[in-house]
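Next up: some structures, all given as C-alpha cells.
Heads up, the next two complexes both have chain A, just with different partners, chain B and then chain C.
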Partner chain A sequence: MTATLNHPAKRSVTRTLDIPLNRVEGDLSIRVELDSGRVSEAWSSGTMYRGIENILLGRGPLDGLVITPRICGICSTAHLTAASKALDSISGIQPPPDAIRVRNLALMAELLQSDVRQTFLTFAADFTNGAYQRHPLHEEALRRYAPMKGETAIDVIRQTRKIVEIVAILGGQWPHSSYMVPGGVAGVPSLADLLQCQHLLAGYRAWYERRILGCSIDRWGEVRSGADLDNWLHECAAHRDSDLGFFIRFARQNGLDRIGGGHGNFISFGLLDLPPGTEVRSRNGSTTHLMGGGFARGAHITPFDPANVTEHVAHSWYVDYPAGRHPFEGETRPYATGEESQKYSWAKAPRYADLPAETGPLAEMVVSRNPLFADLLTSGPSVLTRQLARLVRPAELMPAMQQWLSEICPDGTFYDPASAITEGEGFGTVDAARGALGHWVRIEGGSIQRYQIITPTAWNGSPRDSGHVRGPWEEALIGTPVADPENPVEVGHVVRSFDPCLVCTVHALRGRCSLACRDL
Partner chain B sequence: MAATLYWIQCGGCGGDTISLLGADSPDIVELLTLLDIEILWHPSISNNTHSQHQDLLERILAGRQNLDVLCVEGTIIRGPGGTGMYDAIAGRPKKDLVASLASQARFVVAVGTCASFGGIGADGAVEACGVQFLKWEKGGFLGAEFTARSGLPVVNLPGCPCHSDVIVSTLTALLGGQSIPLSKYNTPLIWYGLLVHQGCTRNEYHEYRVEDQGFGEKGCLFFHMGCHGPLAYGPCNKVLWNRRSSKTRVGVPCFGCTRPDFPQAYPFYYTRNIEGIPKQLPDGVDRAHYLAYKGMAAAAAPDRLKDRRTRV
Partner chain C sequence: MKRIVCVGNRYKPEDASGVLVYDCLAATRLPPDVEVIDGGLAGLDLLRFVEKTDRVVFVDAVSGFGPPGTIVVLTREEAMGRTPVVYSHDAGLAYLLGVLQRVVDGPLPEIRVIGIEGVADGRVIRAAADLCIEIAVDGDAGEHGRLDQVAGASS
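What follows is the complex of A and B.
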C-alpha cells in the first residue's frame, strides 16, 4: 500500500492508495476519489479479458451448453439454463413441464448454495475486519465468520456442499454439467433420485431455519414491514442470536443501513419459469415466473421487455460504436487502450431503456412487490437491504422446491426431441444467483455466428455508458464514508453487497478488487 | 511447522476452488487441520489486507517465507501480443507473478484443465497456455525443463473442474512425502490411469453396442452422442461427483474435460464416424478387431437392453 500526502494547498485530506479487496469471484479493481473522508467519484474496472463469446463463434450449435457453464464456477447452472433456453427458443420447442421442474430445481439448489455462501464466507467475513476491533459485536463476529474457523463459516461449507448434491443427482455433477438440452434435460430421474433430493432439501431447510433464520420459514413469512422486522428481532433470543438476527444487529449498529444506495433502478428478467399445471403460485401474479420480471424506477414498475436491453462500450476496452446496441447486434472486439483514453474496464455497460439498473435478489423483491422490501425501500436501497434480500431469498425458494419435487412424475417425460438446430436467432434469459443473465445466440449454417452474454455483474459492476452515467455500484459508492483509507472496509461492504462475480463478466475480469483513492 | 500454501487464480472460472469447497472426508476445514496446512493466500478465502498480502509476496520472493505448495487455477493468459495484459493485477501481468512464485515453491500444482493444459482460451485471442503444457505438448508457460524445489515438474490435475478428491489426496501425498507416479502428461496415474468409461452405469449398453441417437434414453452415448468416456482418463465414474453421480450416468456424454485438447475443436454431442464406427476408438483398440467385436456384440444384445429395460 502506498500513501502520499496531498497538496498542502488543498483543504480536503487526500491520498493515493491501492487496496486489493479479495473475496469477490474474479478480478475487480475499484478506483475511488475521497473528498473529506467520503467517496466523491468511483470507477469500477474489470481487469481480465477471457474472450469466451468469441471462442464460441464457428463452433457447433449445441456447444454453448458445454462452454458457457465454464464461464463461472459458482453459477454454471444459470449459464446452462440461459444457453438451453436460447436453443429452445431457436428450435421453437417448449420443454415438457417436468423438464422445467428439473431445470428449476437444479438452478434453485445453486441459488441456495450461493446466497448462503456469499453472505457468510464473503460478505460477513468483513465483520471480522480489524476496523471493528473495538465494536462490542466484534468478538462474536470472529467466532461466527473468521475464514475457515468461524462456527457459521464451517457450518456453511458443510451444508452448502450437501445441497448441490441435488444438482449432481439430476444433472451428473456440480459445477459444470451440461444436462439441460434444447427440449428438456438429458436425464430421466427415478423415484429413488427424487426421494434423495427431497431428503437433501429437507435437511437443508431444517438447518437454514434453525441456524440462519432462527425461526420457521412460515414465521419469517409473517414479516411484511420494517415494523414487523423489528418485532421479529425483539421477539426472542432465537431470532436475535440467529445469523440473520446477528447480521441485522451488526449491520444496523455499524451504519450499513445508511450506505450503498445507488440509482434506485432495478431489473429482473424473471425468477424461475412456472411449469404449466403447477400448484406453485407466482409471488406477483405473473403467469410465467415464480417472480415475474420487470424494471423498476422508484415505485414505477413495468414488465421486462427484452427489446430494451442494450450494451454500451464507450468506457470499455472494445472498439467503439455509438450509444448502445441490442445484443443481437452486439460484438466483442477487444481494444486495449490502457489508461490513455476514457476506457477503463473489460466489462461492457448494459442498460435498460438506456438506464443503468441494479439486479439481484433485491431487484427481484422490488419487482415482485415484496411488502417487506417495498417498505424498507421507502428510504432508498442500502447495503443492509441488499444483503438482507439475498440472505432471505432461500426462504422464498424452498417451499416451491418441495412442491415441484412432489409434482414430478418419476420415469416420466423430461425431453421433447428437438429438430436439428441449423438456423435461427434466439435468446435465453434467467435470473441467476446474482440476478439477470441473458444469452443471445444466432446459428447459421450449422454453427454459432453470434453469441452475446450479459451477466448480472455486467449490470451491477458496469463502467460508465456513452452518456457517462455511472454503473450501479459505482453510483452506490458515492457518498460512502471511509474512516480509514488504509483499510476501506466500507467500500468492501458496498461492492460486496452486490455479490460481484467477475469471472462471469465474460468480456472481462478477474483479480483483486483494488481501490485507488486518487488525489483530488 | 505448518506446511504453507499459496493459491493463485489466473484465467478461469473459479470452478476448481468451488469443487474443493465441496470436498468431504476430509472437507477443506478438516484438511487444513489434519495436514497442518497454513493457507498463506487464497483469493476467495483470505481476509488479509492488501498490505499484508504485498508483504507476504515480498517475503516469499525474497526466500524469507517458506512456500511449500503453489496451486495455480486457471489458464495463463499471455495476450495480447505476449504482454499478459489481458489478465493484469495492479497494472502488471499476472503471469509474471506465477513465474516468480513457482521459482520459490517446493511443489507446483496445476489445478484443473486450464492450468494444466491451457483449456478454455488456449484457442482464443488471449494466447492462453497451461503452466507447463500447451495441450499435448510439454513446455507451456514455465518451459519443459522447469522443476519445482522438490525436483518434481508441475503436477497436473486436469478436469473441468478437477474433482475435489484428486486435489485433496494429491496435496496429502505430496506433503506426506509419498511418491505419486505421473503419466507423460504429468498427471498422477492413481486418478488418471483409468478411463471415465470405467464405472459408467451404461457399460452394458456399450458392451452390446446398444446406442442412443438422442437424449433422454438409457443406451450408450459413445457411438453417436459424442461421449469421450472411453477416450478420456479420469476417475469420474469411480469417485463420483458430489458423492452422487456422473455426467454419463444421467445421460450426458463425457466431454473429455481431462484431455489436453479440451475443449475439442469439433462439435460436442456428436461422434465423428467412419461408416458408423467412431473415428476415435477406445484407447489402444485396433480398428479391424473393434469392428468385428462390435458387430458380434450387437448381434448378441439381449432384448432387455435393446428394449432399454435395464436401468442405468
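What follows is the complex of A and C.
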C-alpha cells in the first residue's frame, strides 16, 4: 500500500491510497482518495487479463462445458450450469425435471460451501484486525476467527469440505466436473447415491443450525423484520452466542450497518430453476425459480429482461465502442496502451438498462421480496445487510435441497438427447455464489463464433461506464470513514462484503519469505 | 496408498506445471499403490486426498525459489511458510498445508511438495514427473542435502 499527498493547497488534505487487496485476490487493486478522513473517490481495477472468451473461439460447441468450469476453483459448477443452459437454449431442449434437480443440487452444494467459508474465513477474519484491539469483542473474535486456528474457522473448514462431496457423488468427479450436458446430465444417481447425499446434507444442516444460527431454520424463518431480528438476538444465549449472533453484535458495535451503501440497484438472474412438478415453492411466487430474478431500483422491482444487459468498455482496457453492447454483440479485444488516465481495469462494466447494479445474495433477497431484508433496506444497504444475506442464504437453500433429493426417481429420465449443435445462438443465466452469471454463445459452422461471459464480480467490481458512472463497490466506498490510512480495514469490510472474485486462477506458491499475504 | 496430487491451471502457463505433470503421469504406467490426482484449482477441497493415505506428493508451480526450470522439493513446513495465511479465493496449497494438521481426519500422512519454477519445458516436466514417482514410492527421508542437489541439477 502506498500513500501520497495530493492537493496540498486545499484546506482539507486529500490522500490517495493504493490498496492491493491481496487477501481477496492477487488481481484486484482498489485506489481511494481520502478527504477529511473519508473516502471521496474510488477506483476498482482488475489487474489481470483473462481472455477465456477468446480461448473458446473456433472450438467445438461443447468445449465450453470443459473449459469454463476452470475459470474458477470455487464456482466451477456455476460456470458448468451456465454453459449447459446456453447449449440447452440453442438446441431448444428442456432438460427433464430430475436432470434439473441434479444440476440444482450440485450448484447448491457449492453455494453452501462458499457462503459459509467466505463469511467466516475471509470476511470475519477482518474482525481480528489490530484496529479492533481495544474493542471488548476483539478477544472473542480472535478466539473464533484467528486465521488458521480460530475455533469457528477450523470447524468451518471441517464441515464445508464434506458438503461438496454431493457434487462428486452426483457429478462423478470433483473438482472441475463436466457432467452437465445439453439436454440434462451424463450420469444417473443410484438410490444409494441419493441416500448418501441426504446424509451429508442432514449433517451439514444440523451443524449450521447448531453452530451458525443457534436455532432451527424454521425458527430463523420467523424473523421477518428488523424488530424480529432484535427480538431473536436477545431471546436466548444460544442466539446471541451463535456465529450469526456474534456477527450481528460485532457489526453493529463497529458501525458496519452504516457503511457500504452503494447505488441501491440490484440484479438477480433468478436463483435455481424450479423443475416442473416440484413441491418446492418460490418465496416470491415465481413459477420459474426458487428465488425469482429481477431488477430492483430502490423499492421498485421489475422482472429480469436479458435484452437489457450490456457491457461498456470506456474505462476498461479494451478497444473502444460507443456506449454499451449486448453480449450477443460483445467483443473482447484487449487494448492496454494509451488513454491511461481513462482506462484502468481489465474488467468490463456490465449495466442493466444502462444502470450499474449490485448482485449477490442481498440482491436475491431484495428482488425476491424477502420481508426481513425489505425492512432492513428501508435505511439503505450496508456492509451488515449485504454480509447477513450471504450468511443466512443457506437457510433458504437447505429445505429445498432436502425436498429435491426426496423427489428424484433413480429410474427416471435424466437426459433428453440433443441433436448435434452446429448453428444457433443462446444464453445461459444462473445465480452463482456471488450473484448473476451469464454465458452468451453463438455457434456457426459447428464451432464457437462468439462466447461472452459476464460474471458476478464484473457487475459488482466494474469500473466506470461510458457515462463515467462508478461501479457498485466503487460507489459503496464513497463516504466510508477511514480511521487509519495505514490500516484501512473499513475499505476491506466494504469490498469484501461483495465477496469479490476476480480470477481464482493463479495458485502458485510464492517464495519462502513472501508466502504470507499482508493484511489489507 | 500413496498419492500424487497435481495442482494448477492449465490455461495459465505460469501456473500450469503441476497439471502438465499430471498429463505426463496419466500417460505413464504407475507403480502399484500410487494414485495420481488432477487437483486443478481445488485448493482447500484437496483435503480429502490427504486422508487415508501414507504419503502425499503435491506438485505445483512455484515462484521465488530459483531460476526458471528449477525443481525444488519442500517439506510441508517449508511450503506453508511461517505466517498464517488468511483464506481467500486464491488461497491455494499454502493455506491447505498450513491448516492441515487441525482439520485432517485420521493421521497426517508424510507430505512433500515438488515445486517447479516458472514456465517449464517438456524436459523439466518429465524430470518432475519421475521425481514424483520416486518420492511417492520411496520417500526422501535420510537423504540429507537432497533438496539442494535436486534444485541444482534441474536449474
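Note that in this section the second predicted complex is superposed on the first by the 480 of 520 C-alpha atoms of A that agree within 3 Å, B and C clash if a C-alpha of one lies under 4 Å from a C-alpha of the other, contacts with A are read in each partner's own complex, and residues count from 1 in each chain.
Convention: contacts are C-beta pairs under 8 Å (C-beta built on N, C-alpha and C of every residue); 3 or more make two chains touch, one makes a residue touch a chain.
In this text the structure is predicted, and so the values were computed from the model without any measurement.
Novice: Contact-wise, after the overlay, does A:Arg59 reach chain B, chain C, both or neither (first, second, both, neither)?
Specialist: Only chain B is touched by A:Arg59; chain C is not.
Novice: Pick one for A:Tyr179: touches chain B only (first), chain C only (second), both, or neither.
Specialist: first
Novice: Is A:Val188 in contact with chain B, with chain C, with both, or with neither (first, second, both, neither)?
Specialist: So A:Val188 only meets chain B here.
Novice: Considering only the touch criterion stated at the top, classify A:Tyr415 as touching first (chain B), second (chain C), both, or neither.
Specialist: After superposition on chain A, A:Tyr415 lies in contact with chain B alone.
Novice: Between chain C and chain B, which one touches more residues of chain A when both complexes sit on the common chain A?
Specialist: Chain A has more residues touched by B than by the other partner.
Novice: So, does A:His312 touch the first partner chain B, the second partner chain C, both, or neither?
Specialist: After superposing on A, A:His312 lies clear of both chain B and chain C.
Novice: Just checking: does A:Glu486 make contact with chain B only, chain C only, both, or neither of them? Give me first, second, both or neither.
Specialist: first
Novice: Once the two structures are fitted together, what part of chain A is touched by chain B and by chain C alike?
Specialist: Of chain A, residues 23, 25-26, 52, 55, 67, 70, 72-74, 76, 117, 121-122, 125, 147-148, 154, 157-158, 161, 164-165, 174-176, 503, 510-512, 514 contact chain B in one complex and chain C in the other.
Novice: Mind listing the chain A positions that touch chain C in their complex?
Specialist: These residues of chain A touch chain C: 23-26, 52, 55, 67, 70, 72-74, 76, 117, 121-122, 125, 146-149, 153-154, 157-158, 161, 164-165, 174-176, 501, 503-517, 519.
Novice: Across the complex, what residues on chain B touch chain A?
Specialist: 9-19, 21-24, 27-29, 32, 39, 43-51, 53-54, 74, 77, 80, 85-90, 94, 120-121, 123-126, 160-161, 214-216, 218, 236, 240-252, 255, 257, 263, 266-270, 311
Novice: Mind pulling up the chain C residues that touch chain A in the complex?
Specialist: 7-12, 14-15, 38-45, 47-48, 60-65, 78-90, 92-95, 98-99, 102-103, 113, 115
Novice: Would you mind writing out the residues of chain A in touch with chain B in their complex?
Specialist: Going by the criterion above, the answer is residues 1, 18-23, 25-27, 47-52, 54-55, 59-63, 65-67, 70-74, 76, 117, 121-122, 125-126, 128-130, 147-148, 154, 157-158, 160-161, 164-165, 167-179, 181, 183-188, 190, 196, 334, 336, 338, 414-415, 417, 486-487, 503, 510-512, 514.
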